[in-house]
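We just call them A, B, C and D in the order they show up, numbering each chain from 1.
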Amino acid sequence: MVVVLTSDSRIVVQGATGYQGQFHIGQMKQFGTNVVAGVTPGKGGEKVHDVPVFDTVAEAVQVAKANTSLIFVPAPYAKDAVIEAVDAGCKVVIVITEHIPVHDSAVFVNYAKAKGVTLIGPNCPGACSPGPKSKVGILPGVIFKPGPVAVASKSGTLTYEIVGALSEAGIGQSSVLGLGGDPIPGTTLLDAVKLFEHDADTKAIVLVGEIGGGHEEEAAEYIQRTGLAKRKPIYAYVAGQTAPEGKKMGHAGALVEKGKGTAASKLAAFKAAGVKVAVFPTDIAQFVKTDLRL
Amino acid sequence: MNLFEYQGRELYEKHAIPCAKGFVVESMQDLEAKMAQAHYPVVVKAQVLVGGRGKAGGVKFADNAAQLREVTKGILGLNIKGHVTKKVMVAQKLDFAKEFYLGIMVDRATRKFLMLFSADGGVEIESVPEERIFKTTIDPLTGFQPFHARAVLLKSGLDADVQKQLAGVMAKLYTLFVKEDAELAEINPLAIQRDGKVVAGDAKVVLNDSAVFRHPEFKQKDENMTDLEQEAKERGVALVQLDGNIGVMANGAGLTMGTLDALTQFGGKAGVFLDLSGTDNPEKVAEAVRLMKKAKPAVMFLNLFGGITKCDTVANGLVTVLRKEGVEFPIITRIKGTNAKEANEILHSFGLETAPTLDAAAKKASEMAKNPSAYKIVRATPGGI
Amino acid sequence: MNLFEYQGRELYEKHAIPCAKGFVVESMQDLEAKMAQAHYPVVVKAQVLVGGRGKAGGVKFADNAAQLREVTKGILGLNIKGHVTKKVMVAQKLDFAKEFYLGIMVDRATRKFLMLFSADGGVEIESVPEERIFKTTIDPLTGFQPFHARAVLLKSGLDADVQKQLAGVMAKLYTLFVKEDAELAEINPLAIQRDGKVVAGDAKVVLNDSAVFRHPEFKQKDENMTDLEQEAKERGVALVQLDGNIGVMANGAGLTMGTLDALTQFGGKAGVFLDLSGTDNPEKVAEAVRLMKKAKPAVMFLNLFGGITKCDTVANGLVTVLRKEGVEFPIITRIKGTNAKEANEILHSFGLETAPTLDAAAKKASEMAKNPSAYKIVRATPGGI
Amino acid sequence: MVVVLTSDSRIVVQGATGYQGQFHIGQMKQFGTNVVAGVTPGKGGEKVHDVPVFDTVAEAVQVAKANTSLIFVPAPYAKDAVIEAVDAGCKVVIVITEHIPVHDSAVFVNYAKAKGVTLIGPNCPGACSPGPKSKVGILPGVIFKPGPVAVASKSGTLTYEIVGALSEAGIGQSSVLGLGGDPIPGTTLLDAVKLFEHDADTKAIVLVGEIGGGHEEEAAEYIQRTGLAKRKPIYAYVAGQTAPEGKKMGHAGALVEKGKGTAASKLAAFKAAGVKVAVFPTDIAQFVKTDLRL
């Protein structure tokens, strides 16, 4: 078992005929991802890398049996696209689009959640399950390798760094979830931890956090309360230890406000929960290698 | 994006939230032209996006035209914690019987909205004891409902009439919060006047940056940004100026922050956070280098992880812009990911410092920052490509 | 509650849905006063709440003032399937290039909202083949989204510009549907004029009866109700006049309908459906008897199930009003539930027919209806209580 | 097992201090229902039949551990009350109030459903599980008796008739759900059938429908498809066989529109699904007695 993306995942790409859509459909197919449909309103009947394009997600679900949507559409239309995917019956929706108005995210995140849909993002690189060769999003396929470590991360390139280092050290991944750094994410670190907790194929968990909000502390509190770190080793890296207060470090989520959301608070919470904390992101691979005796 | 008080007040009026009558002036001539609108006594408030303006002399009262001229003259141009006062709001001075706090904000913890109310308003909400602040969570799917007002008001001990007025303001503030794409809408103080009427005594609104395209009237310079930060933003680059001297350029916010953090392990301190973000466009690399030059760091530290974009493509892009335009500081690079080996060869043969690991690079960058002139600096090659 | 076309049109204008220019007149004098507003050619339409007005002569055209006077005179007062035309709408005659159908309604099946669109408008939607009607479900939690328009338009083969205009009308009609508490909002035809502009050619809106308190301007007589039904409604009693001669009074809509059904098993036919609903108020029983008297049935059949209200309480209430006010028809009763035995004794000793089971009572009622004068009729007892 | 109301149900009554609230709190307590709290804004601290009254549902949930709400508040405030109950964490919400605007019901029914809350009503008499002595609503307590028959009904007094006749015949009930006759109910006949299907204590199912909508046909289609009537005998009565088109028979739901929602269509669907159909509501008890050999 892997989480979110499995061998049954059938991908529809919303925004299929744009530059990003076309390029990443090619990349995903090359990785082995089962991309079954694209959607671009008004371009139904076209093909992208041999993938049929439909006018609506409902058709992609009915005709091509899609069950997982990947969203590339521009920010002003992202809310419409997510609701269309949820209403069409997609059970997983991954939103790459960045700069989505927070009131739009607030609506579609809560809607997806209420409807039992797993939403990843927005403003995220996507997800990957190397075992069933399912990579959905813009993550570079070359860095992955099947194996026992699950990774959930609020940061894109840091994920690549850490996953790349794991794979180089011969340590594969069960599931990698790029959660995105927006203030209102569809899947939080805690949501990811709960998914990984019950995944028999996951033997260790890596969490990558950054300044802003309290989702790291929330995950740590759960790990501490359930003693999960004693059952599955958990590792964490938190970026932004030197970030000043009141300055957004790159995206809307990474912001220390009046002493809240600091890296120090997050690291302390992880430590208290029995989570091993890394100083350099590149330390993680070595920690895992030693602990899992790989 | 923080709005000025007078802009927030305009939004309050648009959504029928009761406010004191007032106007804004930009100059003394402007004041003369609008003088007749003043209902004395008035309060004159500096329009700056920084707290503590009262203590800094940015809030004064006037009982007549002469006093109004005098205090306005004193406040216009006043420097409050580095913010120069360009506008002044003149508003009716209200006679408050009681001051409350009311705020609605995006709440990361619940991924919904949070409404806060306290009967202890007029002071910084952070200074009010936790048990005196009443909170309720609003689901974006249902929006504000009357029970949300009851949840924060029924324990307040206030008169039924005041509760009713406050509940009305809450419903309107929620509408404003949603329709205007606010991250935060705050009234402090929300006050009862001696005549029993509830009125907003201040207007704080933070618009969501990502939604400004829906509110073009508020597309304005962010006063909390430096000129360079603003310029970078307009070019779609996330750049933050910090108080160190190492210019960090990396791809992705997390990796860039991680690079800053790594420097501190070796006594280095970043002066620039520059998130290259997507690196598939060579012109974006050139743009980033130009912005970095304007920040004048002692040394530049390029930390790159190549995924779908190949590292050698980026390295070639960097070399091209350096050869053509040159820089005034040495550069240390650390490149990982797809085609990193080729990239390192290109950079090394061009004479740039390369390091194999993040900690080695961070250590080297910290050393270089102490004595940058000891390292090679790539000046522009006249006529070169 | 069905709105008249002119009322629907007012709502369309309020929500910026393009309509033909027009006005309403109630009399010929009224027409003279508004005459100058007519832009010829005009269409003159009877304002009645019944379909098929065109065939009945309720829709005419006029090219000039003389014709307008003539056709208006012909339509005002026209009886269309029992509905007397009291108002006439005069509107600009539009030059339709193409006619569509657009409707949004409450959908019981999905418990959400359903939007229907067809490129074959201008005819009864029931006559359009199923495969030519495009449908999409709108979740009340998210409301109308652009994809709903795409879902019904992308297969229509219409020009992009027309699709865009139609999508705009859909968004506005949805807003109207929600804000005005409509059960149904329908535009048929929704047309493109020769100049390429989309315009609503009719305006059908059914307001939700339970929400009329939020739209007091539409509190009006329902023209599809008889005067007695209307009177009952105002008194909070659900009464329906039917074409039989047995007056059924029962508590609860289901039980009342079940009583109607039972009669047909024995050749009886109900003339009145009267749902007593809650029976805990003796005055309500008296009210119901008075309404029943106005309907003049051949026989009245009281079918009661006593739950929390005790049957003997109701029986006593009935006996009291009968003694005091009397009726002109025989009564058969069937009482079950709490204290049914005591109730039956009261009714029996008062001389009313009682039956032990629903089928026995229904059989008896059907027999009585054939020859009501053969059974005892309780007339008022002068001065009695 | 019984459904909706169990021995763990802890009731909070919203609109506790009005005439109906006070009266029915008394009736429910007399039946044995575990009424733990009332809610009337501004009357927190009072008591009704020894039941503590709170200002908000959240307090009733926190302090009195209520998990099931019964709503008596007037129609204009019902939407507010239901959302308050759902957000406070009630898992069952029963709405007695009639004449609620359909747009309000559309929102709160979909909201409750999305949040996994079982909503019964609006415009319904409530529900009863005679076994654990839990009666929630305005149903007359005297008619119930514990036993093996589950009843779901769109009509109040017809339910009383049928349940009364069952009890008189010595046949008890596992669960009785008064679903209400509004166009948008929180629980449909199909929802009820699915609940009863998996309830081991339910040996037979009685469905009471009436004209209007297609919820009877929808339930019949499911019964036919799953062959449920072969596993548990199912009985149906449908009121309104003689109702004319276009006339509302007593409430907003009971309406035959242009040939849709007729009793004939519903009865035919039930018959096709192997459901035994009664001519008189009072037939049902005899049918069950014979079939279950009670």
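Quick note on the criterion: a contact is a pair of C-beta atoms (placed from the backbone, for glycine too) under 8 Å apart; a residue touches a chain by one contact, two chains touch by 3 or more.
Owing to the predicted nature of the structure, the values given are computational and were not obtained by experimental measurement.
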Applying the document's contact definition, name the chain pair with more C-beta pairs in contact, C-D or A-C. C-D
Averaging each chain's C-alpha atoms to get its centre, pick out the one most distant from chain C. B
Whole-Å gap separating chain C and chain D, where each centre is the average of the chain's CA atoms: 27
Taking each chain's centre as the mean position of its Cα atoms, how many Å separate chain B from chain C? 57
Express in whole angstrom the distance between the two chain centres, defined as the mean CA positions of chain B and chain D. 53
Sites on chain B at which at least two other chains make contact: 139, 141-142
Which residues does chain D have that touch at least 2 chains other than itself? 107, 111, 114
Contacts from chain D onto chain A in the complex sit at residues 111, 114-115
Interface with chain A, chain C side, in the complex: residues 137, 139, 141-142, 145-147, 150-151, 154-155, 160
If you look only at chain D, which of its residues touch chain C in the complex? 27, 75-76, 99-104, 106-107, 109-111, 113-114, 138-140, 142-143, 153-161, 164, 181, 183-185, 188, 208, 210-215, 218, 237, 239-244, 246-252, 254, 258, 263, 279-282
Write out the stretch or stretches of chain B touching chain A in their complex. 106, 108-109, 111-113, 126, 139-141, 178, 181, 183, 208-211, 213-214, 224, 238, 240, 242-243, 250-258, 260-265, 269-270, 273, 275, 277, 305-308, 336-338, 357-359
Can you list the residues on chain A that touch chain C in the complex? 41-42, 44, 55-58, 77, 79-81, 83-84, 87, 107, 111, 114
